[in-house]
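Take a look at the structures listed below.
Both of the next two complexes hold subunit A, though its partner changes from subunit B to subunit C.
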Partner chain A sequence: MTPAQRESPAQQFGPGERVRVRRAYPPGHLRTPWYIRGHSGVVERVCGAYPNPEELAYARSGLPAQPLYRVRFLQHEVWPGYRGNAQDSLDVELYQHWLEPA
Partner chain B sequence: MTDDPIQRGVHDLGGLPAGPVARSEHDYALWEKRVDALMVLLSNQQHMRVDELRRNIEGLGAQAYERMSYYERWVHAITQTLIQRGLISSDELGRKMAQVEQRQRESHA
Partner chain C sequence: MHAHHDHDHPHPTQPDTTDALSYYQVMEVALRELLIEKGILSADQVRRQVEDMDSRTPAHGAQVVARAWSDPAFKARLLADGNAALEEIGLERGPYKLVVVENTPASTETGPGVHNVIVCTLCSCYPRWLLGLPPDWYKSRSYRARVVHEPREVLSEFGLDLPADMVVRVHDSTADMRYLVLPARPAATQGWDEQGLAGIVTRDCMVGVALPKP
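Take a look at the complex of A and B:
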(Lines of atoms letter the chains of each structure in order from A and count residues from 1; the text may use other names and numbers.)
(Lines give C-alpha, C1' and ligand atoms only; values in the text may rest on other atoms or scores of the structure.)
Protein backbone atom coordinates (compact mmCIF):
# COMPACT_ATOMS: atom_id res chain seq x y z
CA MET A 1 0.00 0.00 0.00
CA THR A 2 1.34 3.44 -0.92
CA PRO A 3 1.79 6.16 1.74
CA ALA A 4 -1.09 8.16 0.21
CA GLN A 5 -3.38 5.14 0.40
CA ARG A 6 -2.54 4.87 4.09
CA GLU A 7 -3.94 8.35 4.65
CA SER A 8 -7.35 7.14 3.53
CA PRO A 9 -10.34 8.07 5.72
CA ALA A 10 -10.84 5.90 8.79
CA GLN A 11 -12.96 2.84 8.29
CA GLN A 12 -16.42 3.76 9.59
CA PHE A 13 -18.14 0.37 9.53
CA GLY A 14 -17.31 -3.17 10.53
CA PRO A 15 -18.65 -6.61 9.60
CA GLY A 16 -22.23 -7.15 10.81
CA GLU A 17 -23.05 -3.44 10.93
CA ARG A 18 -26.22 -2.23 9.23
CA VAL A 19 -25.71 0.46 6.59
CA ARG A 20 -27.85 2.36 4.13
CA VAL A 21 -26.80 3.30 0.61
CA ARG A 22 -27.17 7.02 0.02
CA ARG A 23 -30.02 7.91 -2.30
CA ALA A 24 -27.93 10.18 -4.50
CA TYR A 25 -27.98 10.71 -8.24
CA PRO A 26 -24.99 12.87 -9.14
CA PRO A 27 -23.58 12.99 -12.66
CA GLY A 28 -20.21 11.36 -13.32
CA HIS A 29 -18.78 7.85 -13.34
CA LEU A 30 -20.41 5.99 -10.46
CA ARG A 31 -19.82 2.42 -9.32
CA THR A 32 -22.91 2.32 -7.13
CA PRO A 33 -25.69 0.60 -9.09
CA TRP A 34 -28.90 2.58 -9.48
CA TYR A 35 -31.08 -0.22 -8.13
CA ILE A 36 -29.33 -0.41 -4.77
CA ARG A 37 -29.46 3.29 -3.82
CA GLY A 38 -31.65 3.95 -0.81
CA HIS A 39 -31.58 0.30 0.34
CA SER A 40 -30.06 -0.96 3.56
CA GLY A 41 -28.00 -4.06 4.16
CA VAL A 42 -25.35 -5.53 6.42
CA VAL A 43 -21.58 -5.25 6.00
CA GLU A 44 -20.42 -8.75 5.04
CA ARG A 45 -16.73 -7.82 4.98
CA VAL A 46 -14.31 -4.95 4.62
CA CYS A 47 -12.51 -5.38 1.30
CA GLY A 48 -9.71 -2.87 1.91
CA ALA A 49 -9.14 0.68 0.69
CA TYR A 50 -8.80 1.52 -2.99
CA PRO A 51 -8.33 4.65 -5.11
CA ASN A 52 -11.74 6.15 -5.81
CA PRO A 53 -12.92 5.08 -9.31
CA GLU A 54 -15.14 8.19 -9.51
CA GLU A 55 -11.86 10.16 -9.65
CA LEU A 56 -9.76 7.64 -11.60
CA ALA A 57 -12.35 7.87 -14.38
CA TYR A 58 -11.23 11.47 -14.97
CA ALA A 59 -7.48 10.67 -14.94
CA ARG A 60 -7.04 11.92 -11.37
CA SER A 61 -5.24 9.96 -8.65
CA GLY A 62 -8.29 8.73 -6.76
CA LEU A 63 -6.39 9.33 -3.53
CA PRO A 64 -6.86 9.16 -0.65
CA ALA A 65 -8.06 5.60 -1.09
CA GLN A 66 -11.62 4.94 0.01
CA PRO A 67 -12.61 1.99 2.22
CA LEU A 68 -14.61 -0.55 0.19
CA TYR A 69 -17.23 -2.84 1.74
CA ARG A 70 -19.09 -5.88 0.57
CA VAL A 71 -22.65 -5.27 1.69
CA ARG A 72 -25.31 -7.97 1.80
CA PHE A 73 -28.92 -7.10 0.96
CA LEU A 74 -32.04 -9.24 1.10
CA GLN A 75 -33.44 -9.81 -2.38
CA HIS A 76 -37.04 -9.32 -1.28
CA GLU A 77 -36.15 -5.93 0.17
CA VAL A 78 -34.51 -4.83 -3.09
CA TRP A 79 -36.98 -6.10 -5.69
CA PRO A 80 -40.69 -5.36 -5.34
CA GLY A 81 -42.72 -8.55 -5.66
CA TYR A 82 -39.69 -10.87 -5.25
CA ARG A 83 -41.05 -14.42 -4.95
CA GLY A 84 -37.92 -16.41 -4.04
CA ASN A 85 -36.76 -17.58 -0.63
CA ALA A 86 -37.04 -14.90 2.07
CA GLN A 87 -33.36 -15.40 2.94
CA ASP A 88 -32.07 -14.98 -0.63
CA SER A 89 -29.41 -12.31 -0.62
CA LEU A 90 -27.39 -10.12 -2.93
CA ASP A 91 -23.87 -8.75 -2.32
CA VAL A 92 -22.74 -5.40 -3.71
CA GLU A 93 -19.30 -3.84 -3.22
CA LEU A 94 -19.69 -0.20 -2.23
CA TYR A 95 -17.32 2.58 -1.29
CA GLN A 96 -17.62 4.17 2.12
CA HIS A 97 -18.70 7.60 0.87
CA TRP A 98 -21.88 5.95 -0.48
CA LEU A 99 -22.83 4.49 2.92
CA GLU A 100 -24.37 5.88 6.08
CA PRO A 101 -25.34 4.18 9.36
CA ALA A 102 -28.81 2.57 9.21
CA MET B 1 -38.00 5.45 -8.16
CA THR B 2 -37.76 7.32 -11.44
CA ASP B 3 -36.01 6.07 -14.55
CA ASP B 4 -34.95 9.47 -15.77
CA PRO B 5 -32.50 8.69 -18.58
CA ILE B 6 -30.46 11.77 -17.70
CA GLN B 7 -29.87 10.42 -14.21
CA ARG B 8 -29.78 6.70 -14.87
CA GLY B 9 -27.04 5.82 -17.32
CA VAL B 10 -27.95 3.57 -20.25
CA HIS B 11 -25.27 1.12 -19.04
CA ASP B 12 -26.75 0.88 -15.52
CA LEU B 13 -29.09 -1.99 -16.35
CA GLY B 14 -29.45 -3.84 -13.05
CA GLY B 15 -33.06 -4.88 -12.48
CA LEU B 16 -34.35 -3.97 -15.94
CA PRO B 17 -35.85 -6.62 -18.24
CA ALA B 18 -33.05 -7.88 -20.50
CA GLY B 19 -34.28 -11.08 -22.15
CA PRO B 20 -32.37 -14.37 -22.22
CA VAL B 21 -28.58 -14.55 -22.01
CA ALA B 22 -26.85 -15.76 -25.20
CA ARG B 23 -24.69 -18.65 -24.01
CA SER B 24 -23.10 -19.63 -27.32
CA GLU B 25 -19.33 -19.31 -27.81
CA HIS B 26 -18.15 -16.98 -30.52
CA ASP B 27 -14.84 -16.18 -32.18
CA TYR B 28 -13.28 -12.76 -32.06
CA ALA B 29 -12.28 -10.94 -35.22
CA LEU B 30 -8.65 -9.89 -35.59
CA TRP B 31 -9.52 -6.22 -35.04
CA GLU B 32 -11.29 -7.10 -31.79
CA LYS B 33 -8.19 -8.91 -30.49
CA ARG B 34 -6.14 -5.87 -31.47
CA VAL B 35 -8.45 -3.55 -29.53
CA ASP B 36 -8.10 -5.79 -26.49
CA ALA B 37 -4.30 -5.82 -26.86
CA LEU B 38 -4.27 -2.03 -27.23
CA MET B 39 -6.13 -1.65 -23.95
CA VAL B 40 -3.73 -4.05 -22.16
CA LEU B 41 -0.68 -2.17 -23.48
CA LEU B 42 -2.06 1.28 -22.66
CA SER B 43 -3.00 0.14 -19.13
CA ASN B 44 0.35 -1.52 -18.50
CA GLN B 45 2.16 1.61 -19.68
CA GLN B 46 -0.13 3.67 -17.41
CA HIS B 47 -1.53 5.72 -20.28
CA MET B 48 -5.10 5.03 -19.21
CA ARG B 49 -7.21 3.38 -16.52
CA VAL B 50 -10.10 0.98 -16.95
CA ASP B 51 -12.22 3.60 -15.14
CA GLU B 52 -11.60 6.04 -18.01
CA LEU B 53 -12.62 3.32 -20.48
CA ARG B 54 -15.86 2.78 -18.56
CA ARG B 55 -16.57 6.49 -18.23
CA ASN B 56 -16.20 7.03 -21.94
CA ILE B 57 -18.36 4.01 -22.77
CA GLU B 58 -21.03 5.42 -20.46
CA GLY B 59 -20.76 8.71 -22.30
CA LEU B 60 -21.63 7.18 -25.67
CA GLY B 61 -25.29 8.14 -25.59
CA ALA B 62 -28.13 5.64 -25.57
CA GLN B 63 -28.44 5.10 -29.31
CA ALA B 64 -24.76 4.48 -29.95
CA TYR B 65 -24.43 2.37 -26.79
CA GLU B 66 -27.17 0.04 -27.93
CA ARG B 67 -26.06 -0.12 -31.55
CA MET B 68 -22.34 -0.73 -30.98
CA SER B 69 -20.76 -4.10 -30.30
CA TYR B 70 -18.60 -4.69 -27.23
CA TYR B 71 -15.25 -3.90 -28.86
CA GLU B 72 -16.68 -1.06 -30.92
CA ARG B 73 -17.50 0.58 -27.58
CA TRP B 74 -13.99 -0.14 -26.38
CA VAL B 75 -12.22 1.36 -29.37
CA HIS B 76 -14.43 4.45 -29.16
CA ALA B 77 -13.65 4.85 -25.46
CA ILE B 78 -9.91 4.24 -25.90
CA THR B 79 -9.82 6.91 -28.61
CA GLN B 80 -11.72 9.40 -26.44
CA THR B 81 -9.37 8.78 -23.52
CA LEU B 82 -6.22 9.29 -25.58
CA ILE B 83 -7.60 12.57 -26.94
CA GLN B 84 -8.65 13.70 -23.44
CA ARG B 85 -5.18 12.92 -22.11
CA GLY B 86 -3.49 14.66 -25.01
CA LEU B 87 -1.65 11.54 -26.17
CA ILE B 88 -3.09 12.07 -29.63
CA SER B 89 -4.95 14.97 -31.21
CA SER B 90 -8.13 14.78 -33.25
CA ASP B 91 -6.27 16.28 -36.18
CA GLU B 92 -3.50 13.65 -36.03
CA LEU B 93 -6.09 10.90 -35.81
CA GLY B 94 -8.16 12.30 -38.68
CA ARG B 95 -5.14 12.49 -40.96
CA LYS B 96 -4.04 8.97 -40.03
CA MET B 97 -7.53 7.62 -40.70
CA ALA B 98 -7.50 9.24 -44.14
CA GLN B 99 -4.07 7.69 -44.83
CA VAL B 100 -5.28 4.23 -43.88
CA GLU B 101 -8.40 4.59 -46.01
CA GLN B 102 -6.25 5.68 -48.93
CA ARG B 103 -3.96 2.67 -48.47
CA GLN B 104 -6.97 0.34 -48.41
CA ARG B 105 -8.40 1.88 -51.58
CA GLU B 106 -5.05 1.39 -53.32
CA SER B 107 -4.67 -2.22 -52.21
CA HIS B 108 -8.18 -3.02 -53.44
CA ALA B 109 -7.71 -1.22 -56.77
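Take a look at the complex of A and C:
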Protein backbone atom coordinates (compact mmCIF):
# COMPACT_ATOMS: atom_id res chain seq x y z
CA MET A 1 0.00 0.00 0.00
CA THR A 2 1.36 3.43 -0.93
CA PRO A 3 1.43 6.31 1.57
CA ALA A 4 -1.21 8.09 -0.52
CA GLN A 5 -3.64 5.20 -0.04
CA ARG A 6 -3.07 5.29 3.70
CA GLU A 7 -3.82 8.99 3.92
CA SER A 8 -7.05 9.72 5.74
CA PRO A 9 -9.74 11.48 3.69
CA ALA A 10 -10.08 15.19 4.51
CA GLN A 11 -12.45 16.08 7.30
CA GLN A 12 -15.68 17.19 5.60
CA PHE A 13 -17.69 18.54 8.52
CA GLY A 14 -17.06 20.80 11.48
CA PRO A 15 -18.74 21.26 14.87
CA GLY A 16 -22.23 22.76 14.56
CA GLU A 17 -22.74 21.56 10.99
CA ARG A 18 -25.94 19.73 10.12
CA VAL A 19 -25.45 16.23 8.68
CA ARG A 20 -27.65 13.35 7.61
CA VAL A 21 -26.87 9.67 8.17
CA ARG A 22 -27.00 7.70 4.93
CA ARG A 23 -30.02 5.43 4.69
CA ALA A 24 -28.05 2.38 3.59
CA TYR A 25 -28.25 -1.25 4.61
CA PRO A 26 -25.06 -2.97 3.44
CA PRO A 27 -24.14 -6.41 4.78
CA GLY A 28 -21.21 -6.97 7.14
CA HIS A 29 -19.96 -5.59 10.44
CA LEU A 30 -21.31 -2.05 10.84
CA ARG A 31 -20.96 0.49 13.62
CA THR A 32 -23.84 2.68 12.45
CA PRO A 33 -26.92 1.76 14.47
CA TRP A 34 -29.95 0.88 12.34
CA TYR A 35 -32.18 3.27 14.30
CA ILE A 36 -30.22 6.37 13.31
CA ARG A 37 -29.95 5.79 9.55
CA GLY A 38 -31.75 8.46 7.54
CA HIS A 39 -31.88 10.91 10.48
CA SER A 40 -30.20 14.28 10.63
CA GLY A 41 -28.36 15.91 13.50
CA VAL A 42 -25.60 18.36 14.31
CA VAL A 43 -21.88 17.61 14.65
CA GLU A 44 -21.10 17.88 18.38
CA ARG A 45 -17.35 17.35 17.95
CA VAL A 46 -14.76 15.85 15.65
CA CYS A 47 -13.10 12.86 17.35
CA GLY A 48 -10.13 12.30 15.04
CA ALA A 49 -9.53 9.63 12.38
CA TYR A 50 -9.81 5.91 13.14
CA PRO A 51 -9.33 2.74 11.08
CA ASN A 52 -12.61 1.72 9.49
CA PRO A 53 -14.16 -1.03 11.67
CA GLU A 54 -16.06 -2.39 8.65
CA GLU A 55 -12.64 -3.40 7.25
CA LEU A 56 -10.97 -4.28 10.56
CA ALA A 57 -13.71 -6.85 11.17
CA TYR A 58 -12.40 -8.84 8.22
CA ALA A 59 -8.74 -8.65 9.30
CA ARG A 60 -7.93 -5.90 6.80
CA SER A 61 -5.99 -2.76 7.73
CA GLY A 62 -8.97 -0.41 7.97
CA LEU A 63 -6.86 2.22 6.21
CA PRO A 64 -7.27 4.91 5.19
CA ALA A 65 -8.57 5.94 8.60
CA GLN A 66 -12.00 7.55 8.55
CA PRO A 67 -12.76 10.83 10.32
CA LEU A 68 -15.10 10.08 13.23
CA TYR A 69 -17.73 12.48 14.55
CA ARG A 70 -20.06 12.68 17.52
CA VAL A 71 -23.40 13.74 16.08
CA ARG A 72 -26.20 15.05 18.30
CA PHE A 73 -29.80 14.17 17.38
CA LEU A 74 -32.96 15.43 19.02
CA GLN A 75 -34.86 12.55 20.60
CA HIS A 76 -38.27 13.75 19.43
CA GLU A 77 -36.98 13.86 15.83
CA VAL A 78 -35.67 10.29 16.03
CA TRP A 79 -38.50 8.54 17.89
CA PRO A 80 -42.13 9.27 16.98
CA GLY A 81 -44.13 9.84 20.17
CA TYR A 82 -41.01 10.47 22.32
CA ARG A 83 -42.05 11.48 25.82
CA GLY A 84 -39.67 13.95 27.42
CA ASN A 85 -38.09 17.37 27.14
CA ALA A 86 -37.98 18.81 23.59
CA GLN A 87 -34.22 19.33 24.03
CA ASP A 88 -33.50 15.72 25.10
CA SER A 89 -30.77 14.43 22.82
CA LEU A 90 -28.98 11.35 21.64
CA ASP A 91 -25.29 11.50 20.67
CA VAL A 92 -23.94 8.83 18.33
CA GLU A 93 -20.39 8.26 17.04
CA LEU A 94 -20.44 8.07 13.25
CA TYR A 95 -17.71 7.67 10.64
CA GLN A 96 -17.53 10.18 7.83
CA HIS A 97 -18.45 7.75 5.05
CA TRP A 98 -21.89 7.40 6.68
CA LEU A 99 -22.59 11.14 6.66
CA GLU A 100 -23.75 13.60 4.04
CA PRO A 101 -24.54 17.32 4.27
CA ALA A 102 -28.13 18.00 5.36
CA MET B 1 -27.22 -21.97 66.15
CA HIS B 2 -24.04 -23.70 65.21
CA ALA B 3 -22.28 -23.93 61.92
CA HIS B 4 -22.47 -27.68 61.41
CA HIS B 5 -25.47 -29.46 62.68
CA ASP B 6 -25.24 -33.16 63.40
CA HIS B 7 -28.32 -35.10 62.72
CA ASP B 8 -29.42 -38.31 61.11
CA HIS B 9 -31.42 -37.21 58.10
CA PRO B 10 -29.92 -36.40 54.71
CA HIS B 11 -30.51 -33.07 52.97
CA PRO B 12 -30.94 -32.92 49.21
CA THR B 13 -27.66 -31.78 47.74
CA GLN B 14 -27.39 -28.73 45.51
CA PRO B 15 -25.91 -30.05 42.25
CA ASP B 16 -22.76 -28.42 40.98
CA THR B 17 -23.26 -26.46 37.76
CA THR B 18 -23.97 -29.00 35.10
CA ASP B 19 -24.96 -26.62 32.31
CA ALA B 20 -23.44 -27.62 29.01
CA LEU B 21 -21.05 -25.05 27.52
CA SER B 22 -22.54 -22.78 24.88
CA TYR B 23 -21.12 -22.70 21.36
CA TYR B 24 -19.08 -19.55 22.07
CA GLN B 25 -17.78 -20.90 25.38
CA VAL B 26 -16.54 -24.01 23.57
CA MET B 27 -14.91 -21.82 20.92
CA GLU B 28 -13.19 -19.72 23.61
CA VAL B 29 -11.80 -22.81 25.36
CA ALA B 30 -10.65 -24.31 22.06
CA LEU B 31 -8.92 -21.10 20.95
CA ARG B 32 -7.25 -20.58 24.33
CA GLU B 33 -5.99 -24.16 24.43
CA LEU B 34 -4.63 -23.91 20.89
CA LEU B 35 -2.80 -20.64 21.64
CA ILE B 36 -1.24 -22.22 24.72
CA GLU B 37 -0.35 -25.46 22.90
CA LYS B 38 1.35 -23.53 20.12
CA GLY B 39 3.30 -21.47 22.62
CA ILE B 40 1.77 -18.14 21.57
CA LEU B 41 0.40 -17.48 25.06
CA SER B 42 1.04 -19.19 28.36
CA ALA B 43 -1.68 -20.22 30.81
CA ASP B 44 -0.04 -17.91 33.33
CA GLN B 45 -0.30 -14.95 30.94
CA VAL B 46 -4.01 -15.60 30.47
CA ARG B 47 -4.48 -15.87 34.23
CA ARG B 48 -2.53 -12.66 34.83
CA GLN B 49 -4.65 -10.80 32.29
CA VAL B 50 -7.83 -11.96 34.03
CA GLU B 51 -6.36 -10.98 37.39
CA ASP B 52 -5.39 -7.56 36.04
CA MET B 53 -8.88 -7.01 34.63
CA ASP B 54 -10.53 -8.02 37.89
CA SER B 55 -8.32 -5.64 39.87
CA ARG B 56 -9.82 -2.64 38.09
CA THR B 57 -12.74 -1.18 39.98
CA PRO B 58 -14.97 1.90 39.89
CA ALA B 59 -12.77 3.30 42.70
CA HIS B 60 -10.43 4.63 39.99
CA GLY B 61 -13.27 6.54 38.34
CA ALA B 62 -14.44 7.83 41.75
CA GLN B 63 -10.94 9.21 42.36
CA VAL B 64 -11.16 11.14 39.07
CA VAL B 65 -14.59 12.57 39.93
CA ALA B 66 -13.53 13.56 43.45
CA ARG B 67 -10.50 15.39 42.07
CA ALA B 68 -12.66 17.19 39.48
CA TRP B 69 -15.06 18.28 42.22
CA SER B 70 -12.18 19.61 44.34
CA ASP B 71 -10.11 21.31 41.65
CA PRO B 72 -11.90 23.39 38.96
CA ALA B 73 -8.74 23.64 36.83
CA PHE B 74 -8.41 19.83 36.82
CA LYS B 75 -12.08 19.55 35.88
CA ALA B 76 -11.52 21.82 32.89
CA ARG B 77 -8.56 19.70 31.76
CA LEU B 78 -10.56 16.50 32.30
CA LEU B 79 -13.40 17.75 30.11
CA ALA B 80 -10.95 18.90 27.43
CA ASP B 81 -8.77 15.75 27.35
CA GLY B 82 -9.89 12.85 29.55
CA ASN B 83 -6.88 10.61 28.92
CA ALA B 84 -4.29 13.28 29.72
CA ALA B 85 -6.15 14.09 32.95
CA LEU B 86 -6.08 10.42 34.01
CA GLU B 87 -2.33 10.32 33.45
CA GLU B 88 -1.92 13.51 35.42
CA ILE B 89 -3.25 11.85 38.60
CA GLY B 90 -1.27 8.65 38.12
CA LEU B 91 -3.93 6.51 36.44
CA GLU B 92 -3.52 4.58 33.22
CA ARG B 93 -4.11 6.71 30.14
CA GLY B 94 -6.11 3.86 28.63
CA PRO B 95 -6.40 2.27 25.18
CA TYR B 96 -9.37 4.42 24.06
CA LYS B 97 -10.15 8.11 23.94
CA LEU B 98 -12.06 9.07 27.09
CA VAL B 99 -14.91 11.55 26.69
CA VAL B 100 -16.11 12.99 30.00
CA VAL B 101 -19.66 14.36 30.01
CA GLU B 102 -20.73 16.64 32.83
CA ASN B 103 -24.06 16.70 34.63
CA THR B 104 -24.93 20.30 35.38
CA PRO B 105 -27.64 21.86 37.54
CA ALA B 106 -30.07 24.41 36.09
CA SER B 107 -28.83 27.98 36.34
CA THR B 108 -29.82 31.40 35.07
CA GLU B 109 -26.58 31.62 33.05
CA THR B 110 -26.31 28.14 31.53
CA GLY B 111 -30.02 27.36 31.23
CA PRO B 112 -31.70 24.06 32.04
CA GLY B 113 -29.93 21.31 33.95
CA VAL B 114 -28.37 18.45 32.00
CA HIS B 115 -28.23 14.76 32.89
CA ASN B 116 -26.05 12.35 30.90
CA VAL B 117 -26.43 8.59 30.56
CA ILE B 118 -24.22 6.12 28.68
CA VAL B 119 -25.13 3.06 26.63
CA CYS B 120 -23.55 0.94 23.94
CA THR B 121 -26.47 -0.21 21.81
CA LEU B 122 -24.24 -2.38 19.61
CA CYS B 123 -22.43 -4.40 22.29
CA SER B 124 -20.96 -3.45 25.67
CA CYS B 125 -18.32 -0.73 25.09
CA TYR B 126 -17.33 0.62 28.50
CA PRO B 127 -14.20 2.31 29.97
CA ARG B 128 -13.01 -0.98 31.46
CA TRP B 129 -9.51 0.22 32.25
CA LEU B 130 -11.05 2.87 34.48
CA LEU B 131 -14.22 1.30 35.91
CA GLY B 132 -13.58 -2.45 35.63
CA LEU B 133 -16.02 -4.82 33.98
CA PRO B 134 -19.46 -3.45 33.07
CA PRO B 135 -22.44 -4.62 35.12
CA ASP B 136 -24.66 -7.30 33.61
CA TRP B 137 -27.56 -4.91 33.14
CA TYR B 138 -25.35 -2.64 30.98
CA LYS B 139 -24.87 -5.55 28.58
CA SER B 140 -28.52 -6.66 28.65
CA ARG B 141 -30.58 -6.36 25.54
CA SER B 142 -33.37 -4.55 27.34
CA TYR B 143 -31.15 -1.74 28.74
CA ARG B 144 -29.41 -1.29 25.37
CA ALA B 145 -32.64 -1.27 23.39
CA ARG B 146 -34.69 0.87 25.76
CA VAL B 147 -32.45 3.57 27.21
CA VAL B 148 -31.91 5.16 23.78
CA HIS B 149 -35.59 5.81 23.19
CA GLU B 150 -37.18 5.97 26.65
CA PRO B 151 -34.34 7.11 28.92
CA ARG B 152 -36.61 8.75 31.49
CA GLU B 153 -38.65 5.59 31.98
CA VAL B 154 -35.50 3.44 32.29
CA LEU B 155 -33.88 5.86 34.75
CA SER B 156 -37.07 5.88 36.77
CA GLU B 157 -36.85 2.08 37.05
CA PHE B 158 -33.35 2.59 38.49
CA GLY B 159 -34.96 4.88 41.08
CA LEU B 160 -33.88 8.11 39.39
CA ASP B 161 -36.79 10.43 38.58
CA LEU B 162 -35.59 13.49 36.72
CA PRO B 163 -37.52 16.77 36.60
CA ALA B 164 -39.28 17.37 33.27
CA ASP B 165 -37.31 20.58 32.66
CA MET B 166 -33.96 18.79 32.93
CA VAL B 167 -32.41 17.86 29.56
CA VAL B 168 -31.47 14.19 29.23
CA ARG B 169 -28.55 13.38 26.96
CA VAL B 170 -28.04 9.77 25.97
CA HIS B 171 -24.60 8.89 24.58
CA ASP B 172 -24.42 5.82 22.38
CA SER B 173 -20.86 4.48 22.55
CA THR B 174 -20.84 3.07 19.02
CA ALA B 175 -17.21 3.40 17.98
CA ASP B 176 -13.83 4.51 19.36
CA MET B 177 -14.79 6.76 22.29
CA ARG B 178 -15.39 5.62 25.85
CA TYR B 179 -17.46 7.66 28.29
CA LEU B 180 -17.45 8.75 31.90
CA VAL B 181 -20.29 10.75 33.44
CA LEU B 182 -19.07 13.48 35.77
CA PRO B 183 -21.96 13.84 38.23
CA ALA B 184 -22.80 17.21 39.80
CA ARG B 185 -21.31 17.63 43.27
CA PRO B 186 -24.04 17.44 45.90
CA ALA B 187 -24.38 20.71 47.84
CA ALA B 188 -24.28 18.85 51.15
CA THR B 189 -20.64 17.84 50.60
CA GLN B 190 -19.16 21.28 51.18
CA GLY B 191 -15.84 21.03 53.00
CA TRP B 192 -15.40 17.29 52.33
CA ASP B 193 -11.95 16.01 51.40
CA GLU B 194 -11.28 14.05 48.21
CA GLN B 195 -11.34 10.70 49.94
CA GLY B 196 -14.72 11.41 51.47
CA LEU B 197 -16.06 12.64 48.14
CA ALA B 198 -14.80 9.55 46.28
CA GLY B 199 -16.72 7.40 48.76
CA ILE B 200 -20.10 8.57 47.43
CA VAL B 201 -19.25 8.22 43.72
CA THR B 202 -20.51 4.80 42.72
CA ARG B 203 -20.22 2.96 39.43
CA ASP B 204 -23.84 3.69 38.52
CA CYS B 205 -23.30 7.44 39.05
CA MET B 206 -20.51 7.32 36.46
CA VAL B 207 -22.72 5.50 33.91
CA GLY B 208 -25.50 7.98 34.61
CA VAL B 209 -28.25 5.79 36.08
CA ALA B 210 -27.88 7.17 39.62
CA LEU B 211 -26.82 10.31 41.49
CA PRO B 212 -24.25 10.47 44.30
CA LYS B 213 -25.88 10.57 47.72
CA PRO B 214 -24.01 12.12 50.64
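Criterion: the second predicted complex is superposed on the first by the 96 of 102 C-alpha atoms of A that agree within 3 Å, B and C clash if a C-alpha of one lies under 4 Å from a C-alpha of the other, contacts with A are read in each partner's own complex, and residues count from 1 in each chain.
One rule holds for everything that comes next: contacts are C-beta pairs under 8 Å (C-beta built on N, C-alpha and C of every residue); 3 or more make two chains touch, one makes a residue touch a chain.
Everything quoted here is computed from the prediction, not taken from an experiment.
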Subunit B versus subunit C as contact partner of A:Tyr82, first or second or both or neither: second
Touched partner set for A:Arg70, first subunit B, second subunit C, both or neither: second
Subunit B versus subunit C as contact partner of A:Tyr35, first or second or both or neither: both
Touching partner for A:Ala57 - first (subunit B), second (subunit C), both, neither: first
Touched partner set for A:Asp91, first subunit B, second subunit C, both or neither: second
Partner, of subunit C and subunit B, that touches more residues belonging to subunit A: C
First, second, both or neither for A:Val19, with subunit B first and subunit C second: neither
First (subunit B), second (subunit C), both or neither touched by A:Leu99: neither
Subunit B versus subunit C as contact partner of A:Gly48, first or second or both or neither: second
Common interface residues of subunit A - those touching subunit B in one complex and subunit C in the other: 33, 35, 53, 78-79
Touch list for subunit A against partner subunit B, complex: 25, 29-30, 33-36, 38, 53, 56-59, 62, 78-79
Complex interface listing, subunit A residues touching subunit C: 31-33, 35, 47-48, 50, 53, 68, 70, 75, 78-79, 82-85, 87-95
Residues of subunit C that touch subunit A when the two form their complex: 97, 99, 112, 121-122, 148-153, 164-177
Footprint of subunit A on subunit B - complex, ascending: 1, 7-9, 12, 14-15, 48-49, 51-52, 54-55, 58, 81, 84-85
